[in-house]
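So that you can tell them apart, the chains are marked A, B, C, D and E in the order they are listed, and the count of residues begins at 1 in each.
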Amino acid sequence: MNLNFFFEVLIGGLLSGVMYALVAIGFVLIYKASGVFNFAQGAMVYFAALTCVGVTEKFGVSLWAAIPVTIVVMILLGIAVERVVLRPLVNQPEITLFMATIGMAFFIEGLAQLLWGAGVRKLELPIEDVPSEYLMEKYNIVVSQFDITAAAVCGLLVTALALLFSKTKVGRALRAVADDHQAALAVGIPLKRIWAVLWSVAGLVALVAGLLWGARNGVQFALTFVALKALPVLILGGFTSMPGAIVGGLIIGASEKLAEVFIGPYVGGGIEGWFPYVLALLFLLVRPEGLFGEKIIRRI
Amino acid sequence: QPADQYIALPSYRVGPYAAGGSGFYGGIIDYFNLVNLSGGVNGVKISWEECETEYNPSRGVECYERLKTKNGGATLVEPLSTGVAYGILDRLAVDRIPMTMIGYGRSDAANGKVFPYVFPLITSYWNQAAAMIKYLGDKNGGMDKLKGKKIVHLYHDSAFGKEPLPVLEALAKQHGFELIKIPVTPPGSEQQSQWLQIRQARPDHVILWGWGSMNAVAIKTAQRNGFPRDKILGVWWAGSEEDTVPTGDAAKGYTAMTINTPGNYPVLDEIRKKLYAAGKGNLADPNRIGSVYHMRGVSAAILWVEAMRAAQDKYGKGKRVSGEQLRWGLENLNVDEARLKAIGALNMLPPVKTSCEDHEGSGAVKVQQWDGKKWNAITPNWIVGDKALTRKLLEETSNAYAAEKKITPACLK
Amino acid sequence: MLYREAGQFKTSYEADGQIFPILQDRVALLAMMALAIVAVPLCASAYTLSAILIPFLIFSLAAIGLNILTGYAGQLSLGTAAFMAVGAFASYNFILRLPGLPVLLAFVLGGLSAALVGIAFGLPSLRIRGFYLAASTLATQFFVVWCLTKIPYLTNYSASGVITAQPIVILGHAFDTPERKYLLVLCVVAVMALLAKNMVRSNVGRSWMAVRDMDVAAEVIGFRLMRTKLLAFAVSSFYCGVAGALYAYAYLGTVEPEAYNLDLSFRILFMIIIGGVGSILGSFLGAAFIVLLPVMLNVIAHSLLLPTSVASNLELMVFGALIIFFLIVEPHGLARLWQIGKEKLRLWPFPHE
Amino acid sequence: MSYLSVNNVEVIYDHVILVLKGVSLQVPEGKIVALLGANGAGKSTTLKTISTLLRGERGDVTKGEVQFKGERVDHLTPNELVKRGLSQVMEGRHCFGHLSIEENLLTGAYTRHASRAELKAALEKVYHYFPRLKERRTSQAGYTSGGEQQMCAIGRALMARPSMILLDEPSMGIAPQIVEEIFGIVKDLNSKENVSFLLAEQNTAIALRYADFGYILENGRVVMEGTAAALSGNEDVKEFYLGVSGAGRKSFRDMKFYRRRKRWLA
Amino acid sequence: MTESATMQMNEPDVHFSTRRQAGPVILDLQNISLSFGGVKALTNISFDVRQHEIRAIIGPNGAGKSSMLNVINGVYRPQQGQIVYRGEVRGNMDCHTAAKSGIARTFQNIALFKGMTVLDNIMTGRNLKMKSSFLMQALYWGPARREEIAHRIKAEEIIDFLEIQAIRKTPVGRLPYGLQKRVELGRALAAEPEILLLDEPMAGMNVEEKQDMCRFILDVNDQFGTTIVLIEHDMGVVMDISDRVVVLDYGRKIGDGTPDEVRCNQDVINAYLGVGCA
């Protein structure tokens, strides 16, 4: 086996994994802080990216002007979600909230296309998506500059959010909310405000993911599907852990690429669709709460 | 009995494939409106109704069932979706409504003896694949030059992506090139591993049998891995503006198959002038007039209208024809260059001549290349692949289908 | 005060254990069945039968299946469509390979195959819980569909990987018209719904619910977690498998594995959540809602003469909004709403107890 | 003027189950008021109505109003109520299972803008009241014993430094010594910091011992009210809530099978 | 209604004098130690339970009482020590086997099945006695139907006994706390256990309700001869109804004996009771 090729696949996988992690973070954020599995995260990624591009197109402004506008839109969306969906559903079972987020996903998808049209757009960030020449010459390994940048952004986000959760009073309150809405209300945690803020932050995370994924693949409806790539990352890393998202992403990314390249050809290929899930599942058999997830308390 | 010629359009304008759906159905409706403005088909106005399928087979079937009985009964249906087409395949003969599958669906449906009501007009996947190999052979300086070459078939891992495999495999054997099959799991938003494999294999050509978002990702990932785009040849589903625009410059030089010669045509001008200028165009964005999907829609509508004329010639001019009669019209199409010229669409699509044995009627395609802004045809003439080979395959599989379904192959009158 | 139990005394536990202890309910149900069997095929148009009622019934069956697993046994699953696919493709192969096999038996065999697959993929549920399990069930979804596209034997070496359902012939009668297909589906669904109702009101059902509500306590009481959960997976997959076979045979006809994609799994999940998690009736209500709502929205949107793309997007938005709306009005679904309605009716004219 | 007053409140659960049928009660400033009543009388519901936690349980207040410090509060959020100084200890503990005991306590101080030192002092105070919590401070609350969780819930409410506390069955599952201690703390806070209490309690004897005033709830109605002394002296209360009848306390072993069940009819 | 139900269950109150005498040791716990990570929940605890007796376990919060019950019915596996049940050393056993061998229990934090009705909850208690296959149950036919009805009759007896007829079809989630405790007792009774483990069955009840509960416990003990292990913080109840009491503190046993002995044990007074004996 060609070792160089192996490393190329490995590195490519790790970097793809970071891209998955970027989406997974959005899930973790909401789950960790409210116990809701936010199915609409993918739709939010699409919505954010499309809004950003839509604004540049419609008003003829530059991307840098469109981003603040999109941020405002995402914050408004976060507030609206809290007001319209979450507030009336306080203290309901997880599955109900999960379902509500599916409803939201439909709504947001429809809204995005209604506002900006169903067309496929391009989004160009000032980072070129070509192999880094330095690495190419030095190590003869093809790694895109873009991916490296994305990895850096992702690392930054995770660090910031992990700090938020572990070091601040708000972080503690968020975890409390995830455990017990009713008790969180009783101790005076302002659920409404916290949720609005949280969903706004999730919107911003979605924007970052949307920009990077959009620049990578074009801004189109399929952006909503990247959520499917993030799910195995999520269960492997643990729903409640920011670092878990990154580590899970790396593991999933690398192993899925290696599997596809080195095992795929023997079984007809295309195993990337289920391989990460099966891998994560096997892993869960050993640790049912994922790598870094909070232990599920089962006690009587 | 209403006087209108009513067409059922189970369309999709939301969801992952909305971009294609809105262009295609937009083109159809634009052309219908144009025909109606000039008095209809020998005075018979065309009417139609859309129904959102979201590209979902089950909703598509519901749409079909709902639309088919309206306005005195639908006389034609076109779902632009393999899943929906399969879902209603069995019902067509019972309902006596012809269905066209312009450039998709099962290739062996071109056998009118087994599938009397199904029309994969212009080109099926098999003929398209054959034409692709023909083009690649020509490009290399003759089919014999293909010997020893490596061709990657990078495909959407579904019925759609696997459809051309029998043809490609047969041709690989025949011409001695190596066919490397690499599947991409739908929806294909990540293709790093596939392109690494491709880079590793160093193929001479890559056939991109992709669909939807998979195409843009493929082109981008090729760029990221430094694979030259002009070595990639896409199937027509991978050859629209929707596939290249989002990739920015990455798609420059990328080639793809098409059944329409890119460019401008009198019929499009007319659409601009008579419809869009008057605010009656169907596309939200007039810049999409003449885009690949739009043109394909217009082409579809042109063929249907010609079929209506043919049927009216036989069954009574100036009168609405029934589904059965329109089926006859579709089976006896003869749209030659002269006719196309009269319509204002000369060269926009290849001439089409159908018969009971051949519901496809052409099999001719062109290759186009993206220059960063628009598509340009790079083959002056229509390309036709090894039709004898596809014919043989077609007979085999369609007869197997007939046996399984207990159908006695026969031409309808 | 038409609807009341006053005066309807049960003198035996047997009488009290009936599925519908209240006379009015029984009468209503019988009337409905009579209507469904006699009147509907006579009066309903082919469109209503083949585009609304047949899919409605098939989806109801799948929803019952999922409801057994998710609603009763508490194991959230996103792999329903995969089990449906197994049922369909297995039935197809059984009929193909065993000529002369009765179609109904093939459906049962299809269901059993789905049950086996269900058991295999249910094994992780012994350790994995909640959303972790839900996400893991996606493995089933993707893996099964992948197998169906990769193993040509399963699709009888069809070039494109589609199967064409064989005609349904039972005892020499061909079920080829919408009316007949409808009657067939109706019978299958009615019988299976009855069986499901029996299951959930007897010990198996209680074991599922016990595991759902508090698995540790269930174990302490003496239920075996493994057997209970796996049985739930098996029964649920059996139902989904039969539904999948009907979906192929009585509805679509020609199917590709893609027809059983994640989207379908989600639609069935919507059905049970909207209809009522843990309610057989809810499965029907949910299926009706999800089948009818888009159709209605579509009709309404188009009658408003909006541009089609606007109409389609609005449709999607309204659909999403309505899901949220119903969840807010009644998180326990339409079945609960129905029950509250009945309770209100019973108390009428007083507003509450 | 009373500190907290509940006026003629009616509550319906799930649109059909009428639970409170016009409950009115008052808590004067700096007093301890006991809310007594059998299982299902509606004590917890009353408390949840006051703290507006009812909404999360599909309960509706269909009539009546709640006033706190002379202001109508039934439309406020629990968070605003806590900020105004009204905290609740919910029935059934409701600790945050995944948070450690100390983190649980700290969430209690969420509404306070306290410095680190102040927080530390507050924590120490709670630990002083409940030494057991100090031992278990780093354990996840989900894994502590029932009684420890109960202490944690009470401690958490104290962290907000409320001026009024709604206590729902503070003694449940607590060892007798600690029960006395808890009531000692209540008295302590009441006399030293002028905190008012409304406590729903099943342990009538001890509740009446510490309370100034009491209400008895039956079937969603207030059937008797009076000073604690008056209630303790009442024959019915003695028999049904204190377990002593004419002949003094009866052994639990010697209960008759058919007791005269007196119910107040309102 | 209440009265008639009670009537059929109980003979006139003469049986106090004829209370069953405690029999031989049925359950013997020897040197049990259990710890979770660093927390030692139980250290080297031994005590026994005799047939037909009411054995109370008391102790301050976090002493390890509930953990003890969890050890007895197999939810927790002790790191050390052995359990002799009915004369046989019991190996590592899971809770299913414990249930099968006649140990039933209630929980401190009510562990009812919230989504089910009272009747269904009680019926779950009888699951080990149900034999018909699930196919039969699906058909609800023949033996399955007869079995269901037979068990229903048993369940109804318990409902009558506990005087909860009026709520038999109410979902338990809606019941007030006290009634839930009663239903939980019913579920445990439905298994017709040999040993009944009760974890604070009277928490959150007022005197009147506690009296009811005591009556139920005594009756069960009396009529069916069920052995009862009881955790309770109400000393009045414990001292009145139990035959022998074990006292735990910080995972250690600090006292064991009749209520009166325990009440006057200085260690117990220091650690738990606070007040001396009269």
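We adopt the following convention: a residue touches a chain if its C-beta (ideal position, glycine included) is under 8 Å from a C-beta of that chain, and two chains touch if they have at least 3 such contacts.
A quick note: this is a predicted structure, and the numbers were derived from the prediction, not measured.
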Touching both chain B and chain D (chains): A, C
Least step count from chain B to chain E, where 1 means the two chains touch: 2
Of all other chains, the one whose Cα centre sits farthest from chain E: B
Chain closest to the assembly centre - both centres taken as Cα means: C
Comparison of A-C and C-E by number of C-beta pairs in contact, larger one: A-C
Most remote chain, CA-based centroid, reference being chain C: D
Distance between chain centroids, defined by C-alpha means - chain B, chain C (Å): 36
Centre-of-Cα separation between chain D and chain A, whole angstrom: 43
Whole-Å gap separating chain A and chain E, where each centre is the average of the chain's CA atoms: 49
For chain E, residues that touch 2 or more chains besides their own: 75, 107-109, 111
Touching two or more other chains - residues of chain A: 109-110, 113, 117-118, 268, 270-271, 273, 299-300
Where chain B touches two or more other chains at once, by residue number: 13-14, 18, 22, 157, 185-186, 284
Chain E residues touching chain D - in the complex, by the definition given at the top: 3, 6, 10, 13, 16, 36, 39, 59-63, 66, 108-109, 174-179, 200, 203-212, 214-215, 218, 233-237, 240-241, 272-274
Residues of chain A touching chain B in the complex: 2, 5, 8-9, 12-13, 15-16, 19, 109-110, 113, 117-124, 129-131, 142, 144, 146-147, 213, 216-226, 229, 256-257, 260-261, 264, 268-273
Residues of chain C that touch chain D when the two form their complex: 340, 343-344, 347, 351-353
Touch list for chain B against partner chain A, complex: 13-19, 22, 157, 181-187, 189-190, 192-194, 196-197, 199-200, 212-213, 216-217, 220, 223-226, 242-243, 245-248, 250, 284-285, 288
Touching residues on chain C, where the partner in the complex is chain A: 70, 76, 124, 127-132, 134-136, 138-139, 142-143, 146, 149-150, 214-217, 220, 262, 266, 269-270, 273-274, 277, 309-310, 313-317, 319-324, 327-328, 331
